[in-house]
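I have a structure I would like to understand better, so I am pasting it below and will then ask my questions one at a time.
In order of appearance the chains are A, B, C, D, E, F, G and H, and numbering begins at 1 in each one.
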Amino acid sequence: MNSELPPLDSLECVWAKPSTLTDTPMHYCPGCGHGVVHKILMEVIQELHIQSETIGVAPVGCSVFAYYYMDIDMQEAAHGRAAAVATGIKRMLPDKYVFSYQGDGDLAAIGTGETIHAANRGENILVIFINNAIYGMTGGQMAPTTILGMKTTTTPEGRDTETQGFPFKITELIAMLPGAYYVTRQAVHTPNVVRQFKKAVTKAFQYQKDKKGYCLIEVVSNCPSGWKMTPLESNKWMEQNMFPVYPLGDLKVDGKLTEKKS
Amino acid sequence: MNSELPPLDSLECVWAKPSTLTDTPMHYCPGCGHGVVHKILMEVIQELHIQSETIGVAPVGCSVFAYYYMDIDMQEAAHGRAAAVATGIKRMLPDKYVFSYQGDGDLAAIGTGETIHAANRGENILVIFINNAIYGMTGGQMAPTTILGMKTTTTPEGRDTETQGFPFKITELIAMLPGAYYVTRQAVHTPNVVRQFKKAVTKAFQYQKDKKGYCLIEVVSNCPSGWKMTPLESNKWMEQNMFPVYPLGDLKVDGKLTEKKS
Amino acid sequence: MPSVRGTVVIDVDTCKGCELCIDACPQDSLALSKEINKKGYHYAVLIQDNCTGCVNCALVCPDAVITVYRTKKTGKAEKIVTKQPVAVISKVQSNIKVSVDELPEGKVNL
Amino acid sequence: MPSVRGTVVIDVDTCKGCELCIDACPQDSLALSKEINKKGYHYAVLIQDNCTGCVNCALVCPDAVITVYRTKKTGKAEKIVTKQPVAVISKVQSNIKVSVDELPEGKVNL
Amino acid sequence: MTHEILFAGFGGQGVLSMGMTLAYAGMLEGKEVSWMPSYGPEMRGGTANCIVIISDKNISSPIVSQFDAVIAMNQPSLDKFEKSVKPNGILMYDCSNVIIPHSRTDLTVVPVPLELEVMKLKNSKVKNMIMLGAFLSVCQVARVSSVMNALTHVLPERYHHLLDVNRKALEQGKRLVIEAATPLA
Amino acid sequence: MTHEILFAGFGGQGVLSMGMTLAYAGMLEGKEVSWMPSYGPEMRGGTANCIVIISDKNISSPIVSQFDAVIAMNQPSLDKFEKSVKPNGILMYDCSNVIIPHSRTDLTVVPVPLELEVMKLKNSKVKNMIMLGAFLSVCQVARVSSVMNALTHVLPERYHHLLDVNRKALEQGKRLVIEAATPLA
Amino acid sequence: MSNVRLMKGNEALAEAAIRAGCRGYFGYPITPQSEILEYLAREGREHGMVVMQVESELAAINMVYGAAGAGARVMTSSSSPGISLMQEGLSYIACAELPCLVVNVNRGGPGLGTIQPSQGDYFQATKGGGHGDYHLIVLAPATVQEMADFVYDAFDLADKYRNPAMILADGALGQMMEKVIFREYDPKASMPDKPWATTGKPPTRERNILTSLHIQPEKMEEINRCLQVKYQLINKDEVRYELFYADVAEMLVVAYGLSSRIARRAVEMARSQGLSVGLLRPITLYPFPYQVLKDLAQDLRNVLVVELNAGQMVQDVRLGIEGAVPVHFYGRMGGIIPPPEEILSKIADLGSRISTPQAHPPLAENTKNQSANLNSIFEIAKTMRREDEF
Amino acid sequence: MSNVRLMKGNEALAEAAIRAGCRGYFGYPITPQSEILEYLAREGREHGMVVMQVESELAAINMVYGAAGAGARVMTSSSSPGISLMQEGLSYIACAELPCLVVNVNRGGPGLGTIQPSQGDYFQATKGGGHGDYHLIVLAPATVQEMADFVYDAFDLADKYRNPAMILADGALGQMMEKVIFREYDPKASMPDKPWATTGKPPTRERNILTSLHIQPEKMEEINRCLQVKYQLINKDEVRYELFYADVAEMLVVAYGLSSRIARRAVEMARSQGLSVGLLRPITLYPFPYQVLKDLAQDLRNVLVVELNAGQMVQDVRLGIEGAVPVHFYGRMGGIIPPPEEILSKIADLGSRISTPQAHPPLAENTKNQSANLNSIFEIAKTMRREDEF
């Protein structure tokens, strides 16, 4: 196919896997957004030359093995406690970059208290929050962010408010806290939103450097396995069903709520 | 002094301690708002004739002994877990009235997760939230709601955002949740606000009867001992310093955010 | 002399002398006693006969020790139930009972 | 034929055949193979020579298995570091080490 | 009489449900049964497997390391479990996917060319039932009718339209070995 | 030599700091000391108290039930702890607030009319130091100068303007008993 | 035959909970027991049960507190890390004397560990992982049938003693399938009245208060003594165990739950080889069958305890044996399940030593020849034989 | 003299933490130990320490995890219910082998209980209240001086073994004042390098990962065996205890912490009455001095364990004594502290029985004559003598 092109070494490489990602193949299911987020996160860390100054925190969730892929110092945290663990690290190493990487179950269910109080303290950390509306790792149970009517193994008839309450928009709550400096909702399923996401990550690390305080990037993402769809179906379903509940965009920039938000 | 009045039995009694309060003298410090809140709560329960249908939950905090004073069935809950305990009771006895009575440490620090998720589920309970900006029971440590600059035993130089973060306005957050039906901020230090508060409590029980969902009444209150002031000084200080941060009024009524709020 | 006349009865043994009622009384009818009660507090007493029975003092009293009476029917009487002596302490469990004896006086650290 | 020419190299052994790159390619240059790789997946392959090197496919690939090349200088070259082989596994504690062997393949329940 | 059988193969080959169906059939015949899966992560290059025990008596350990029969659906399983067959036991494997065959000589060995058979049925999902059918003709641990019956219970209802093809596969497997055995006799 | 002393009274009467001052003085004199408060809730009608032990040797138990001396600042304390004085020990109490006096006859009993004395100093907060001074003249467990010294350490700095009146109270208490004792002699 | 089913242990347990009249389930997913929640979300709700996936294990146990206090039969389930999060709540429930069921499908720890079967939570379950002196009634099923049966028993015991009961299973018991027969059980008949429950105070009774707070130490001591008396009664009346061949055995193997089944097979094999071995399977881990061990000790020469941990129940066995004969230990950890042959070889090994009874080795025996150099821990561990006593 | 101070136990401990180079404190108020947080909020911050009152004990222990993993000396403190909330975190910390200090100023439980001193958390501290096989190194101070000294020791041991250490005190030790001398201590000199810490991966080394997850059981077993080897080394090298008069005693009293001081006084009184009594005070509760007991057992006739609980350490004592002589127990609960006379009378009582050694009573001995009627538990408890074995 490529026979008409000159040999590779005469070409310029315009995109390659960042050197901050290890060579270990990722265990994620085909098409899962976790991989994209990992990749961009590590790309930014490479571009900012902060590999040696960054410590990551991976709590329990599908991304618990993140430390196999990210070539940086990392701590595995108990389920829900990533914000607390990140706080502990950051307070001891205030000049290093610290981020946590959390699922919706981790961040918005069992870890609600730690999440909100870290934001309220204005902890100078970055929180990456993968909202896939499900518990991927434990086999597809309802998450706090599961949307109404969505079927999971624990909402076989679809989530209803009577027993299960409402989809929990914790990102909106966090944006309201004075300690939160930058709060945004992103996605990673198309090239353009990936570019946006990369900008958001870059911005957040810059803020952390400038000691601006707490930054949260929610990534509305898919879980083909948990949703029982192909990757392409899952992305379509996500656009149609999740984005209306979790609209993309900045909620708070430079410590100020955006228009959109209010 | 009263020599000119007819003997008492020829008079009409226009206010007496409600029969739903026991005769046990309260252990609270002189002038503490807890007593007023207890009194009004029990008065409403008496007036609504729901003494036999009401179960209260008292977690740890100065009001942990509430069951000595309130002549209703009660459960003592672990620190921070009142919302969960109340949920457990209510789900088993959906036709009974269930309320929890929580301090700011209990509701907004250790119990953040339970508090927010009960609201988000729209649990059909009433939460009375005493915000005295301090940990009364343990001897005057900082609470999440302690205002900036305020001295406590754990913020001897006054609360600063660097280590301690910001005063945490959890009531504002809860008002944002779709499960919350009625959210209001009240006080009990003058006759008029006490009357307001009584109305709020009455309304909340009515909502619970109508299965409207989660109701939260925050009471901005004093802690003369923790603040190291006389009762009158404490009320003045509260008006001057706490009300600007925690303005009184309804945040959400009939499931709709009030003007004031947005 | 106000049109509505009233009076208050204060359980002086339980009063903690917090002065909130005094502050709340629009008639300045109340003051602290010189004497102390058996808990060591100066307690609230009625010092004028100009009480209107407005209930303000009772509303703010944290210890619910004030009972208010009026000379004139207000139509609200049926809503107000005079405190009946009630048995307050129950044997709550087969083997654990909560007794009032164990209730501490004053601030407790927990 | 577009003004900018490019190509992609796909690590077919690691590709999971999710088709996201195929969907993202504006040139329809990609498709799934008929064959399966040693993990059992049909993998992505370049099926046309109209690739512009736009990087879209690489951006959305969750497994970072696509490398993109271009014929024309873009001025961005210095920002792109070609992947160097790195030692990935460390002895992390005196007595506990994490080894890649223990990494499971596919979904894990925890 | 106690039968201790191991089913092994790649995850997704239906190894677990093959065992479950047999266990169910045993139960239908009034036997004691146990089914112990290797739950948890599929390890790199590892095998999924389950141990099925069918017995007239109470079953003590649901986990054993020596088996009356091993059914291996791929090469790694054959490699790993050949040594776990009891002397004179049965070793059955899919020989269409195997490069290095068995080596023990003290066993009843039944290599089954599954790839070939499955093509006849035009359904690659029923390999496991062909194999089970074949096994039943080698070892009378349960009646074919019980296994047929068991399928109704083991297959989730939403898959009941597949009952027929599964039953066919079972029968085909059963015939297969009988036919193979006949000329040998 | 070991002294085991109990100070008891209502909360707020300075019982705990009385004991703490004495313990500090003991420490200044190179002794081993311990101060054990009855922490926690003031019980209904109960007493706040602390046990002070001052010794030349290591102190084993900081909690004992029989004392060389009991200093009772009110009636309930007297009632409760009179029986806890060792035979021939010292029982000292504020007789101005006591209706039912002591009954034991095997003790050195020192009733102190604190109400009267405190009026002389026009400061009701120093009852405890008057009592401590009185005690020191009955029982030489520490030098008055050490106690004076100790006060500087025990009083929080924001109260150091009260050092003088406290010292005066100590001396007054000390004199009190000496004077009282003189005519008896 | 309709009541006979082939089920996973987790599912059998969940089905039994429905049949036992459990009115509320509060839980949070965790492998290897999420099937309990999932089964109940399907089947329990159909039967009118309140089945809630809640925000955390902490919330779950405190909802159980509230719901049990309201007089209902209620339960939660989790696996090791989730159970650790419930320790404060369990201590409160035990002290407030609320009957309820807590299921721990034990996985390999400590920390996040693995999801494979383990018995590493024995101490936590039996000695009280929470603060203060309290005990759960702990039942250890060994079959899927018992996963179901013990639900009834646990609820009955919990109600009888107003005490939280725990079913301590493990990942394998949760995931394996066996035949289950659901016995007839009428919850209404076996549930006692709960006059202490907080259901709203009618004028006819005084108010009910459920609390674990007793600020006066005298009162708190009284509460504690009541609890201890209750535990004594439980120890007297509720000890359950199974004995195999112990009457004619020189060596006794002691094991519970999954490992007891493996051990039983090993014992059968050993006996067929002529070794004189018996098996004791404690069914209640609290109360523990100390007296049985004491009685047996006279005729034994040797005891072998087999656990899927580093040696926990072995302490209780030693407390029962009281030095009368040597007590040995064999354990696997981290989710490894040894086959019967492995236990057999240990039995055979000890059997051959029976004739020369040796002093009971001190706990640290095996470190004697080891260098104290911490850096070499990794190497030492590699060379350690598994049957070392640790 | 400037280093000699009269201090509360809580304050002495806090001051020692500053001097020990503790760089981070994360905690939540709870009586009777809030003075630790309060003291550090005043004094620690002045010394540049990060002192944070955080949202909960759960957050606190996980911040300790993160901060310890970042290579700093860090600590938390709490009292019983708060420590229960930390159990999951402790199991993670132990498995990830992070050195840190956890202080439990034990109060009366279970549940909310009282705020008075207790030793009811012995099991939780020593057997592992969290899930899985792990151990804390547990030091039990008995004086205010030790409240300070053991902070250094605990940090040193924690660093040496990469293991969480606990100081298990009680409310009285926290609240009482005694003389304290702060010994010279140079944290820099005694802190080992921490090449494993996650401080950012320089190009010169491979990345550091701190985890307790090992999904393959074989790996998880290996981790566990490493931990067990470490515990064996700790058991071999770090046992600490104090013996008084044990060389010439017929009866041995065993007690730790506060109760050891009361017991010591009682022993002194008993000896002055001519009774032949000694005292063993375990200083490390984990590792426990089993061997000392075993060695002493030969010459004893009788052992009495005194605790402020319903009988917890007594199990470890029995494991050490192994039935050689009867082990008796005397305990008070709920925050009650018995005076020495009470212990003395128990000693005298047993002393008079020494000549006729009796069989060791079974655990449930005292229930024998009791009705099984649960309704009468309250009455039974009232009539129970305190020295009953429960």
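Rule of thumb we're sticking to: a residue touches a chain if its C-beta (ideal position, glycine included) is under 8 Å from a C-beta of that chain, and two chains touch if they have at least 3 such contacts.
Keep in mind the model is a prediction, meaning the values are calculated, not measured.
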item	value
Distance-maximising chain from chain C - centres being C-alpha averages	E
Pair with more cross-chain C-beta pairs in contact, given C-H and E-G	E-G
Approximate Å spacing (C-alpha centroids) for the pair chain A, chain E	43
For chain G paired with chain H, centre-to-centre distance based on mean C-alpha positions, whole Å	25
Mean-CA-position distance for chain G and chain F (Å)	55
Multi-partner residues of chain G (at least 2 other chains)	30-32, 34, 50, 52, 55-56, 58, 81, 88, 92, 96, 112, 114-116, 207-216, 219, 223, 226, 230, 335, 374, 377-378, 381
Numbers and ranges of chain A residues touching at least 2 other chains	60, 64-65, 67, 71, 76, 78, 109-110, 112-113, 117, 138-139, 144, 164
In chain F, residues with contacts to at least two other chains	40-41, 43
Touch list for chain B against partner chain C, complex	1-6, 8, 11-19, 21-36, 38-39, 46-47, 60, 62, 64-65, 67-68, 71, 136-139, 188-191, 194-195, 224-225, 230-232, 235
Touching residues (chain side chain G, partner chain E) in the complex	4, 6, 31-32, 114-116, 144, 171-172, 175-179, 261-262, 264-266, 268, 335, 337, 339-342
Residue numbers on chain H that touch chain B, as the complex places them	28-31, 34, 37-38, 41-42, 45, 50-53, 55-58, 81, 112
Contacting residues of chain F [partner chain H, same complex]	20, 23-24, 27, 32-37, 39-41, 59-66, 153
Complex contact set, residues of chain B against chain H	60, 64, 76, 78-80, 109-110, 112, 135, 138-139, 141-142, 144, 153-156, 163-164
